[in-house]
Structures are given as structure tokens and as C-alpha cells.
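Below, chain A partners chain B and then partners chain C, in two separate complexes.
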Partner chain A sequence: MGEGIVLKYNVPGDDFTRAGEASGAVKSQLKQMQLSPDVVRRVAIAMYEGEINMVIHAEGGTIEVCITPEYIDMVLKDKGPGIPDVEKAMQAGYSTAPDNVRNLGFGAGMGLPNMKKYTDEMKVETTLGVGTTVTMRIYI
Partner chain B sequence: MKVKDVIEQSGLELVNMGDNVDDEVGSVFCCDLLSVAMGKAPAGGAWITVMGNVNTLAVAALTETALIVLAEGSDLDDAAVAKASQQGITVLKSEKPVYETAKDIDILINA
Partner chain C sequence: MTIADVQDVLKCRIICGEEYLDREVHSACGADMMSDVLAFVKDQAVLLTGLCNPQVIRTAEMMDIICIIFIRGKKPDEDMINLAKERGIVLMATGHRMFSACGMLYSSGLRGGAS
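Moving on to the complex of A and B:
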């Protein structure tokens, strides 16, 4: 992470009512900084998908956002079960989300693909039984 | 057409009056899968869906959807009503299916 404004959030596990709070807060912050609507939207989408993933699969986690004059970095860390096959998880339509999650309108297998689509750089580091860290960058 | 005009002229039940009633409604979008809506719902659009939970509201807020129209007589659950009010999101309700609801709104905003 470079120099810049750093924002930190806790994402509570298994609480769909609060998912979106962190991305909403970041979105407001970026709008106040008068960044382009396209950048704000991409950050909001990528972060919300990440939040939802943490709630569904990892019992929550932490998000650190770093805003610099050139780019915005988002680091999403969880202590969940890890992703057995990242390549598969990156395929649109592939999902391991349970039925109760699908009933809420999630679990379409679009989370990670959306995150990749809306960011300029994305890295997934995962260890089974230890957790997953997703790092994303969007250039301003 | 502005959000307030859609509220007045659509004849649909108003579930929550948002704080964006002077915003323009530019298009209509139909989707029930929130991850798809997250990526594709247009800013300033009327989003027709049958999903009335808090996450629908979160997606609408993040995508800057102009208003949500619940089709097929679906309702917001209690938590979603509270969230709509807190986030100032306009929500209408229609008894018609998704396609008919979308068609009506499309005709209205393009009249």
C-alpha cells in the first residue's frame, strides 16, 4: 500500500443486513472527494461483492482501503476456509453458496468475476483452512 | 421524467418516498440476481425486481438506481423498509408481473 488516506472496516460474519455498510461508507467518502462517478461505482461494486463473499463464505473479515492521488487499493482479508480452486471460483456462474444465500438473490457465481471486471488489478491469495486475502486496485 | 412524476403518474403503491424525487429516471432495468444487478443496474434507472430484502436496497444505493419497483406484489421485509427509509430510496409496488410492470414504466418515462 502506498501513501494516502487509509480507511479500515470490520465486516461482521453471517449478517446480510450489514453487508454494504463498508462499501457505502467508502462510496460516500469518494463522492465527497469528487472522484469520477465511474471510479466511485467501480470501487463500490468491487468492495460490496467482496463484503458479500466474506459474509457468505468466511464469517466476516477486515477491509483496508487506501486512497492515493493515482489509485485506490482495497485489501480484503478473512480467516475463512480458503478457496480450493481459485481458477474455478473466478469463472462466472460457478458458486458454492448455500440455498439460503441464493434465496436472498446472491450465489449467482458473479462475485469474484465482477470484482475482476470492475478493477484494474486483482490478486487472490488463499490458503485452505487459514483464509483468503483479495487485493484490488483501481486507477483514478 | 423525474422520480416524483413516476410516483404520481404510475398509479403504483408507494412503499417508501426517497430523498431523490427530483432525480431523472432514464431507463428501466429488470433483474432479481443481486450480483448481476450490482454489475449492470444503470445509475438513474427504474429497477424492477421481486427481491425485497435489505440487500436489494444496498445494491440500489451503490448503483444509484433512481427507484425500485417491486413486481408480482412482492413486499419489502421489515428490515428493508427501515433501510429504504434510512437510505432515502424510493420504492414502489406493483401487482403485475415483471415484464408488464417494466413495460408500463418504460411507456410512462418515454411518453
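Moving on to the complex of A and C:
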């Protein structure tokens, strides 16, 4: 991560109702910094989808956001089960989320595709049984 | 149209956010899957949904949606209402079903916005 303002969040894995708190906090911070509404919204959506994924699949994790004058980096790290087939997971509509998650309005297989769509760069590093790290960058 | 006009068309009950009824809205979307809302909306001001949990409010927050309408008389709980109040989001409820509610708003001039 480059130089800039660094924000760190813990995402609790046991409380679906709180998923999105970190993304909401980052969104207000970016708004206060008067970044363009388009950038603010893209960061908020990408991070929110990632945060939801962490809660659904990985019992939570940590998020680090780095804001520089040129770009915003988001690093989402979890110690979950890992993603067996990243290529498949990137396909719109492919989901391994259980039914109870669908009842909550997620699990449509749009999480990772949305994250890719709204960011300029995205990298998924995953090891089965160890965890997943998603790194995303949005240029300002 | 304004949120007050939307309220009038759908005969909505206002749950919170009375002070924002004069805000202008030009587009809306109807969805129960929040991932769909996050994937396809751009500058949508109004969300119609049959889903009723805190993630509906969070999704609206991320998307800059300023008004949520719960269809078929769904009732948000206290936590959801507080979340919406903190974020200045109007919550309303209508007895209409999704299809009818969307159709009525469309006929009144609200559009789907850019996809």
C-alpha cells in the first residue's frame, strides 16, 4: 500500500445485520473529503459486496482502505475456507451461498462480478483452508 | 416528481423521514435481491422492495437511494428505522404488490434510469 490515509476495520462474522458498517463509514469519510460522487459510490459498492461476502462465506475478516491523491486501495482479508474455483466465482450468477442468505437478499452470484465491474483493478488471492485476500483499486 | 407525489400515487404510509418529502426523484427500481440493486442501478432515487432487513437500508445508503418503499405492507423493525433516520432515508409502506406499484409509478412519470 502506498502513502496516504489508512483506515482499518474489523468485520464481525457472526452478525449479518452489522454487515456494511465498515463500508458505510468509508463512504461518509470519502464524502467528507469531497471526492466525486461517482468514485464514492463505486468504492462503497465494491467494498460493501466484499464485506457481505466476508460475513456470508468467511466468518468475517479485516478491511484496510488506503486513500491517496491518485487512487483508493481496498484490501479485504479473511481466514475463511478459500475459493475452490476463482474463475467460476467470477461468473455472474454463480453462487455457493446457502438458501438462508438468499432470503436476506444476497447470494445471487453477483458479488465478485460487481466488485470487478466497479473497480479499476482487482486481484483475488485464495488458498483453500487458509483464506482469501481481495485487493481492489479505484483511480480518483 | 417529489417523494410526496410518490406517496400520493401509491397511498403510502410514511414510516420515517417526513421532513424529506419535498425531495425530487426521477428514477426508481424494484428488486428483492440487493445484489441486483447494486449491479444495475445508476442514480436511482427510489427503491421498491419486498425484502425487509437492515441490508435494504445499507444497500440504499451505498447507492444514494433516498426513499425506500416496502410493498405488500412489510413492516421494518426499530433497528431498521433508526438506521434509515441516521442516514436521512425516507421509509414508506404500501399495500400494493410489486408489479402494480412499479406500474403505477411508471405511468406517473417515474423511469427506470440508465442501466
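FYI, the second predicted complex is superposed on the first by the 140 of 140 C-alpha atoms of A that agree within 3 Å, B and C clash if a C-alpha of one lies under 4 Å from a C-alpha of the other, contacts with A are read in each partner's own complex, and residues count from 1 in each chain.
The definition used in the following text is that a contact is a pair of C-beta atoms (placed from the backbone, for glycine too) under 8 Å apart; a residue touches a chain by one contact, two chains touch by 3 or more.
Since the model is a prediction, treat every value here as computed from it, not as a measurement.
**Q** Using the touch definition from the top, say if A:Lys79 reaches chain B (first), chain C (second), both or neither.
**A** neither
**Q** Determine, under the contact definition given at the top, whether A:Gly111 touches first (chain B), second (chain C), both, or neither.
**A** both
**Q** Pick one for A:Ile45: touches chain B only (first), chain C only (second), both, or neither.
**A** The answer is both, since A:Ile45 touches chain B and chain C.
**Q** On chain A, what residues does chain B touch that chain C touches as well?
**A** Residues common to the chain A contacts of chain C and of chain B are 16-17, 19-20, 23-24, 27, 37, 41, 44-45, 48-49, 52, 104-106, 108-111, 114, 117, listed in rising order.
**Q** Write out the stretch or stretches of chain A touching chain B in their complex.
**A** 16-17, 19-20, 23-24, 27, 37, 41, 44-45, 48-49, 52, 104-106, 108-111, 114, 117-118
**Q** Using the touch definition up top, name the residues of chain B that touch chain A in the complex.
**A** Counting only chain B, the residues touching chain A are 32-39, 43, 51, 53-56, 58-59, 61-64, 79, 83.
**Q** Once bound in the complex, which stretches of chain A touch chain C?
**A** For chain A paired with chain C, touching residues are 16-17, 19-20, 23-24, 27, 37, 41, 44-45, 48-49, 52, 102, 104-111, 113-114, 117.
**Q** Under the touch definition given earlier, write down the residues of chain C that touch chain A in their complex.
**A** Those residues of chain C that touch chain A are 32-36, 38-39, 51, 53-56, 58-59, 61-64, 79, 87.
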